[in-house]
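Shared chain: chain A. Partners: chain B in the first complex, chain C in the second.
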Partner chain A sequence: MKTLTNAPFWLLLVVIAVVAAAPVALNNVSLREDFFLILMLIILASSTNIIMGYTGYVSFGHIVFFGTGGYIAFFLMQSLQLHFVLAALCGGIAASVMALLIGVPVLRLRGAYFALATIGINEAMRSFVTNFEPFGGSIGMFFNFSVYDAYGGAKNAGQLAYYGIVAVALLTVAASFLIKKSKFGLGLMAIREDQDAAQVLGIDPARLKVLTYTISAFFPALAGAIFFFKNGIIEPGPAFELHRSIEALVMVMLGGYGTVTGPIVGAIVYDRLRSTLITAPPINLGTLTINLSNFHLVIAGVLLLAIVLFVPAGLIGWLRQRFAPVRRYLE
Partner chain B sequence: MSSKLSHLLFLGGLLMLVMLAACAPAPTPAPTAAPPTAAPKATEAPKPAAPTTAAAPAGAAKRLLIGFTASQTGAQQVASQKQTEGLQLWLDDVKKAGGIKLKDGTLYMPEMKFYDDESKTDRVQALYTKLINEDKADFLLSPYSSGLAKAAAVVSEQNDKVMITAGAADDATMEQGFKKTFQLYTPASRYLTGAVDMFKKFVPDGKKIAIVYEKDSFSTSVAQALQPYAKSAGYEVVVYEGYDTGTTDFAPFINKITATNPDAIMGGGHFADGTTFAKQLFEKKVPVKFVSLLVAPPEPTFKDIGDAAVAIIGPSQWEPQVTYSTESAKAAGLPYYGLSAKAFTDAYVAKYKSQPSYHSAGGYAQGLILQKAIEDADSIDPAKVVAALDKMKLMTFYGVIQFSTEAKTHGKQAAHDMVYMQWQKNAAGALVTQIVWPLEAKSADAILRK
Partner chain C sequence: MTPILQIEQVSKRFGGLLALDKVTLNVNAGEIFGIIGPNGAGKTTLFNVINGVYAPTLGRITFRGENVTGLQPYDLSKRGLARTYQVVRPLAELTVHENVTVGACFGRENLPLEKAETVADEVLQFVGLTARRDMLAGKLNVAQKKRLEMARALAARPIMLLLDEVLAGLNPQEVADMLGVVRKIRENGVTIIMIEHLMHAVMNLSDRVFVLDYGAQIAEGTPQQVSSHPKVIEAYLGDPKIAQRFLEGTG
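Our next item is the complex of A and B:
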């Protein structure tokens, strides 16, 4: 575990931890809420990057694990009064087991077939949950407000959820870094470049890919558990929203796929861009008023196309290519 | 980057654009004048065009900030916009009247501030936190739709803020043990139970009901309450089926309905599916006398389906023809508060050049009820305002308002009743809406489908 003595590894984690501590230190609840969303996006983007960036498998439906983790944790908290941390862990493990079971057949597919299969899995899971009465069917589940009393009231529960999301974000980034710098990670990147050649070199693509998919499912599931615990309600639509997966792909591509810091930068830039667009004043063109908030998805789509066409390495990838010394610090 | 990956991501970009088209807000049902939503996202309410020379001298009034999120984009955009327009009209009226005056002469001038929640729960909690902590909102109103209102209520309750909800009819929303959240809408469980009573009255020999509903939180709540109610009224529920959100082909359901030969069809979901369902029932000449669908029929653009709209009944929180008045309040032994339904409708049409929907009326009523509670409490102290809301029982242009005070359902609407409207043809052959139930509020007799 040479990476554990790697300065950039610790530097990255310390930077995230220090920045994430700012809202708590400043006692700024609004900032905390903004950071909560950004950290959640970092988790979604980084976990997508683990399977997509390192292995080359584009998981369009990765959000299925966010929803599954959220649903299982919510169910355990509501029905068995399990503590939220324990319930979140159960949600994470369940999502990983699901990824393992799905991964074995699905990861045999390549390219567009795999991408389409992941979309199908997400839609199938949404449909299943919509019809599964123990999970509340189409109504979903909601907490009685008194559930938060066990955590010192709803205010403290909000704070606890923030600590949870910070911990999961650190864990995700650390896992992403460790995988990338490990022999395991090299095997994944060999698969990404040429799976057949990797196999000739003695790499077992099936085992590595399934293991990676399983790991990458764990973190969004934890994020889903924390997000819905904080929201107090879970419904099939918001839990399995496909566009969240696409947004995660945009973030990965924006920051730089296959890098550790890329998805972090991508998530921050995307969130700020989205926030700016939806808060921007409308543009008045005589009788026509253009509300920019209507266009944030268009801009995200155009951005993705532009990155793929002109800056395929993303922001961090471009920096690493352009300035060699940066490669030592920005993974 | 491998070319395969490039191609996949290119497809992703295209998919994103396609999703945008799918998620694009539905067209506004009727042309409206420049809505308040034309203002910036973090929107201080625009200064009303009408003169605001108040009775009180400028500067004497204290600012009363009312915060909320509106769905300026996304699936709830149309209804949310109507709600915000109604609220803006209330604000204009209060400003014209010089503000909200307490007994000691203190004057509060309400202002509103809202953000776009994109019709998604993602940002609702962050935005309500911002409204409370940064903008220092004194009172909160809910976003439109039950899902968003629930997420917002968690934050408002955490921060001991009073929130009046509109557009959130889900029963479950108000069964979470909230203490400072108050629901204006008749709960979903009572949306179609009146339709069963009406069916009994108009089709006395009817025996079978088919319930076909959208599988989302709100419509499922309605159907779950409707089924036992229909059975307890002695009807056989021959079809009880849910359809997925976004369904456009109702042939499988219509085949099932035709096979069981019911006397009534009840259910539906939201505007797009409800309209399509009604149209396909007409096209396939389904011989059912009584059809009552959720949400879609009260929208003015429902008439765009032409003859397929005739005789379709819809539950509505409010319609312009309602007859709530000081006289009817007196007859019911209740105080009446605020303007008349006609005054509201006239002012709305004058400002927005379109008929108000029940969403618009709900928006106005949100402000009106908050204003009344502040006046009754003679304070803006949240605890006193909550006490005033708990005691409140009155009639407004929007109907009778009373909130549950039981711990489990605290704040849930207990008195407001639905009205049922029906599309009928007038003497000139044009499609018009009429209130057909309850009988004491009717503007015309109900007609049955042929």
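Our next item is the complex of A and C:
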């Protein structure tokens, strides 16, 4: 693997690790919470990018794996007192198996039909969980405080969750990079460009796509497991929230579809934008008061439209097109 | 010597249209086999059936002694069959070098990425595209895209190459260059089937020519035999005797 001796690859991981270490070193809990969210968004965006950016299949309902991983891990920790790390891994594997089973029939669909199918799967899963009593039905599940005792109390569990999300973010970015630079990734990009031509060149699109979908389901499931472990409560609504999926798409498009660093940059920019909007003071226009926090999704939608129309390659994509020398360093 | 490709009684039906009607042909190893015929005769359909894009409705295809009827295009690619498209299909957002690397990676030899990259550079040299190596494939001109198609197919190190109108849309100089490339490929031992509208090119290059019209074979033989065949002249120019009959008032 040539990528493992590739400087930009290690540089990217080191930068993420160092930045992520800052809140721990500074012992700043509120900064840690901010970073937790950004890292989670990086995981969601990067994993969506693996199927959407490299392969060209827009997975609108990718959040289904976040919810599924979260639910399964939560259930295992709550009912079987399984260790957090083990439970998260089980959640990840379960989501991947689910992606494999869904992928075989659904990835035969192309373009918009696939995107619609993924939304349907997310909604179906939400309905299922809402009615599934072992998972608490519509009320969901919440931890007894005793669950956190195994990890030295709620405070330590929060710290542990942070380490977890950092590790998963590094893992996701590493996987995204390795896939992009591998033979497998080249095959995916050939499928994205022209599936029929790719077939004639010797690529079995069905096999590659299903495998990619399976891989891309693993990371959001881990993120879901960690997120709901930290929250101590899981409900069907927040677990299968479709707009999170759409936000992940916005991040991918914003940063640069099909690049490794694009979804990372997109996640950071989007998160900062959103938190600025949410915390912005209301604008007073005489009789009319506009509260920007109510409009952050509207603004995300407008942003998506603007990107698609004016900068379809996204920030990183645009940089790569505009400045050829950058390409070697900005994957 | 058994032929490298045997097509026996192959038919392909699309709804009410019989695109191929019991086509039978044999191609020998190392030859250039030309396929000609008027527009809509079924030439590209025949290619699509040979390389697995369509399964034949009836009939049997044998490649290197193995029955390959109904196999998928990627299975045939692994067995040493490569093709180019009449309407070029570059992987537009990938570079020229990446396009050719795809061919080398997933072709007959199924090379690992780094080896494939080396092969891609060799093939780019061979077809004369080295200067465009890092350009996006979508940005090439038509002649360069045709060369890219060729390079991608060759990078797979095929045993047999199907060329679908690689000369169409090229200027005379580009045609001459491309013919040189085709000859060199044959010298490397690759069997070639080519569909071509440019008559002087097919007639000069081909060892044997096969003529299709309305999905059925109307002639087969050396270029000389075919070009003087009355049915071929009729297919291309209309019935040669019609004018005569009109003059005689019997038409």
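In this text, the second predicted complex is superposed on the first by the 331 of 331 C-alpha atoms of A that agree within 3 Å, B and C clash if a C-alpha of one lies under 4 Å from a C-alpha of the other, contacts with A are read in each partner's own complex, and residues count from 1 in each chain.
Methods note: contacts are C-beta pairs under 8 Å (C-beta built on N, C-alpha and C of every residue); 3 or more make two chains touch, one makes a residue touch a chain.
Everything numeric here is computed off the predicted structure, so don't read it as measured data.
Looking at the shared chain after the overlay, A:Ile203 reaches chain C, while chain B stays out of its contact range. Contacts of A:Met77 after superposition on the shared chain: neither chain B nor chain C is touched.
Of the two partner chains, chain C is the only one that A:Lys183 touches; chain B does not reach it.
Of the two partner chains, chain B is the only one touched by A:Ala300; chain C is not.
Of the two partner chains, chain B is the only one that A:Asp34 touches; chain C does not reach it. Once the two complexes are overlaid on the shared chain, A:Gly158 sits against chain B while remaining clear of chain C.
Looking at the superposed arrangement, the partner reaching more residues of chain A, out of chain B and chain C, is B.
Legend: residue contacts after superposition of the two complexes on their common chain; A:Glu193 is shown touching both chain B and chain C.
When the two complexes are superposed on chain A, the residues of chain A that touch both chain B and chain C are 192-193. For chain B in complex with chain A, the touching residues are 1-2, 4-17, 19-20, 23-25, 34, 37-42, 72-73, 115-116, 118, 120-123, 125-126, 129-130, 132-134, 147, 150-151, 154, 157-159, 170, 172-173, 175-178, 215-217, 219-221, 242, 244-245. Residue ranges on chain C touching chain A, taken from their complex, read 51, 53, 72-74, 77-78, 82-83, 85, 89-94, 98, 101-103, 105-108, 110, 112-114, 116, 152, 156. By the touch criterion stated above, chain A contacts chain C in their complex at residues 2, 182-183, 186-187, 189-190, 192-194, 196-204, 258.
The touching residues of chain A, when paired with chain B in their complex, are 28-30, 32-34, 36-37, 56, 58, 60, 111-112, 115, 127, 130-131, 137-140, 142-146, 153-155, 158, 192-193, 230-233, 235, 237-238, 241-243, 246, 249-250, 253, 257, 278-282, 289, 291, 293-294, 296-298, 300-302, 304-305, 308, 312-313.
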